[in-house]
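Have a look at this one before I ask anything.
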């Protein structure tokens, strides 16, 4: 943890409880133990609700496990890394990880760039402001189940998109084309999720002071210049957040491949790790394999998040 | 600093969680029932939430409750589709499954059995006898290992080929005696339908890769071609032989020539006029009767088979009794009541689906006389093939479907090779305990 | 800010908005049609084809009001818990130094990263059996109660507030509680709105969990009733595609309404001036 720039004098002036050993206590619980108090409800919630399933899932991945009725005697031997070996040897699963990589490569940069640009523009727009903002938010609120039908129709063999493209349209149409299935899904998810990230940026933009823009224009910077020198650095913490959240939700992609390509798509070209987890764990009754996939996925995402933090520069934590 | 910090934090989190988890599991109750097999009392049942089945379910429950005020049945609806398996599986694990589920898919039964969730119906004194008397020879397909019955065969939807008479007429084909008995005839008819512009697609089964989709393209034709062989028999895959290859090649031709759609269709392609034929069971009659002027024939075989000898897929839904049930004696009586001749008749009337009762047409002659549209289904119901009752059946079907979508729908690779490698995978899967 | 640039920006934004809205627009049109029209011309409504029957169809099959009420209770409960407790955690994570701060943030991240499908069954077993909360609003709300994304957003938001504001208050001798009430909370309004609008959607559209946890039809939120209707609609409705779209419009309606009502509060806050002088 990097140290904050809190001045030393402030620390010395913190409230000290009457009597007792104030210095010791401060070191034991940190400078502001009040923070612990504030976070207690959340911590209790997480531990009470998620701790058991999380640890259980992790434990399952190392055992030969399936769910059984209570009171049933079942042999559940520890199998070490067997589940992991089996899962990593399956080409369908490797493919699903590859697919999600392609997805992230398209979705994340597109999301970050588009949402910032759009949020900036929406922030300044005055006329029809409500209509415009609602327009960008609406895809986010509609349940995927409903919108999917429209997209399938738009991107079908003789759908609107192909009719516009004419001879440029790919031969097996988008969603049944091995090469285009995942990118199509990536575009769908980007479109659908932008509302969320635009909102995040909109909120962050409220904190970029007008004076900075004025200073920049006094210095002779044009719109584009001030965008890059004022806006982008000004919302950097939000950018870090957008990067993180879009990566995390992207890695957990499930509903869209399932609905848009009805399963794993042409030869598994649009399957995702969570889809595989669903198939193995819930449809086929092998939650141990599903847990193994899940553990690998979580580790992968945490590594990605860590790398992003290094590259994008972390916030003060 | 960051990397160490992060890793250390994750470890701390896991350790803290583990402590809590241990504490919680100590609180978890084991829960054991008394002698559930002979207890009587109120029970809960689930049935599917489609309209006609709800109608049947409600009248059945009312009829029972009127005569048995001390053993009342409470009914709840669950979704008919794939998520019903999730819900039932979760309920088994939590120990709060209902006594009876009138929506148990045969493909899920081996899994529920493995979980220890299902009651062996043959453990009741008249269990096996009742089932076999009602369903006759078909009952054998629903037995588990050791000949035990972990499900009560309930109703089926024998799959046949529906065709749109108006489209056939528009294409210049005979709408009353369509040429659909052999593969060659079927292909020729399909080509005429599409080329004449009468229909955008000749037939349009779902081309997606969920494990159960093969039940509505490959499997019915395979059942017909082999005269009643299941996908897996005696612990081994059967489909990677000549018959299976023929069926696969037939479908491949349909897809390759653009006679069957390769893209997912939202809605019912036959009812919407996007396909001239559809391959489905009698539940569709109530859907199509206003939308399409339809006729039905059995599924084709390569050389042609007489109607009275053609097999098909049953698309059955059965009833399971679950071990979480505390009043199993009552549940068994309710089950017998719900599958009695009277209630089966009600099922037929209200839903148009075929109870898995032997010699249906002779038991309900008035119904079939009054509803001639269902007559051929009643007859077809005596020649059906069920999904094989093996462990890891869902995984096996998924493996099959993956090979099928690749080699048949997308048309890549050699069919015998694809079937062979699928068979290998499946044999390994079902060999596991 | 030349006029030409303004107009250009306006045009680009509007075109983008139309592209964004198009599938939704198509959905609304589709839900109003008596016969599904899969051709391109169907995008431009033929007045003769318009009808409210699809909505009537849904209303006759599922109890829309009850579903809306349940969705409201479910979503409302989640938003309440998230906003109240999330703000506290976000503030604590961002501006206070305390032991366990890093662990808490790591937890919030971990909860986000792990897919729900992995946790679903053990979670169900725990809540239904061990906590005994099946067929119960609390059981429905529990896994969603405090949205970890919201926590991360609040934290991010508080990080952007200059530390000097708080330091100044501490130097003036204000207690932590006072700082929280007088300075941190009033500043958080834009983030609050954002969080409400963003965490609304999760529970509002959630199908699987409420369905798992309760079988009583009278407790089920609208998303569940609609999903059930969707899976059975082919058998009964006159225009299945239209009915599905009508259902989706009904589900999306309140969310859009909420947004329209709240988004005007996204105005610049000019915190910068609070620091100077």
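Points to keep in mind about this one:
For clarity, chains are labelled A, B and C in written order, and residue numbers in each chain start from 1.
In this section, a contact is a pair of C-beta atoms (placed from the backbone, for glycine too) under 8 Å apart; a residue touches a chain by one contact, two chains touch by 3 or more.
Quantities reported herein were computed from a predicted structural model and do not represent experimental measurements.
Counted by C-beta pairs in contact, the busier of A-C and A-B is A-C.
At the far end from chain A, in terms of centres built from Cα atoms, lies B. Between the Cα centres of chain A and chain B there is a gap of 37 Å.
Measuring from the averaged C-alpha position of chain A to that of chain C gives a distance of 15 Å.
The set of chain B residues that touch two or more partner chains comprises 5-6, 10, 16, 24, 86, 89, 93-95, 266. The set of chain A residues that touch two or more partner chains comprises 1, 50, 52, 54, 56, 67, 70, 149, 153, 282, 302. Counting partner chains per residue, chain C shows two or more touched chains at residues 38, 102, 105, 107, 110, 120-121, 126, 129, 227, 241, 244.
Those residues of chain A that touch chain C in the shared complex are 1, 4-7, 9-10, 13-15, 28-36, 38-39, 41-43, 45-46, 49-50, 52-54, 56-57, 67, 70, 118, 121-122, 124-125, 127-128, 130-143, 145-147, 149-151, 153-154, 160, 163, 191, 194, 196, 199-200, 202-204, 206-207, 209-212, 223, 237-238, 240-241, 244-245, 248, 251-252, 254, 274, 277-278, 281-282, 287, 290-291, 294, 297-298, 301-302, 305, 315-317. Put simply, chain C touches chain A in their complex at residues 5, 9-10, 12-14, 16-18, 20-21, 23-24, 26-27, 30, 38, 40, 43, 81, 85-86, 88-89, 91-93, 96-102, 104-105, 107-115, 117-123, 126-127, 129, 142-143, 145-146, 148-149, 151-153, 156-157, 159-161, 163, 167, 170-171, 173, 175-177, 180, 190-191, 193-194, 197-198, 200-201, 204-205, 223, 227, 230, 241, 244-245, 247-249, 251-252, 255-256, 259-260, 263-264, 266-273.
Those residues of chain C that touch chain B in the complex are listed here as 36, 38, 61, 102-103, 105-107, 110, 120-121, 124-126, 128-130, 134, 208, 211-212, 215-217, 227-228, 231-232, 234-236, 240-241, 244. Contact residues on chain B toward chain A in their complex (touch as defined above): 1-3, 5-6, 10, 14, 16-18, 20-21, 24-25, 30-32, 82, 85-86, 89, 92-95, 97, 111, 114-117, 206-211, 262-264, 266, 323-324, 392, 394-395, 398, 401-402, 405-406, 410, 412.
Contact residues of chain B toward chain C in the complex are 5-6, 9-10, 12-13, 16, 24, 27-29, 46, 49-52, 76-81, 83, 86-87, 89-90, 93-96, 266-268, 271-272, 274, 283, 286-287.
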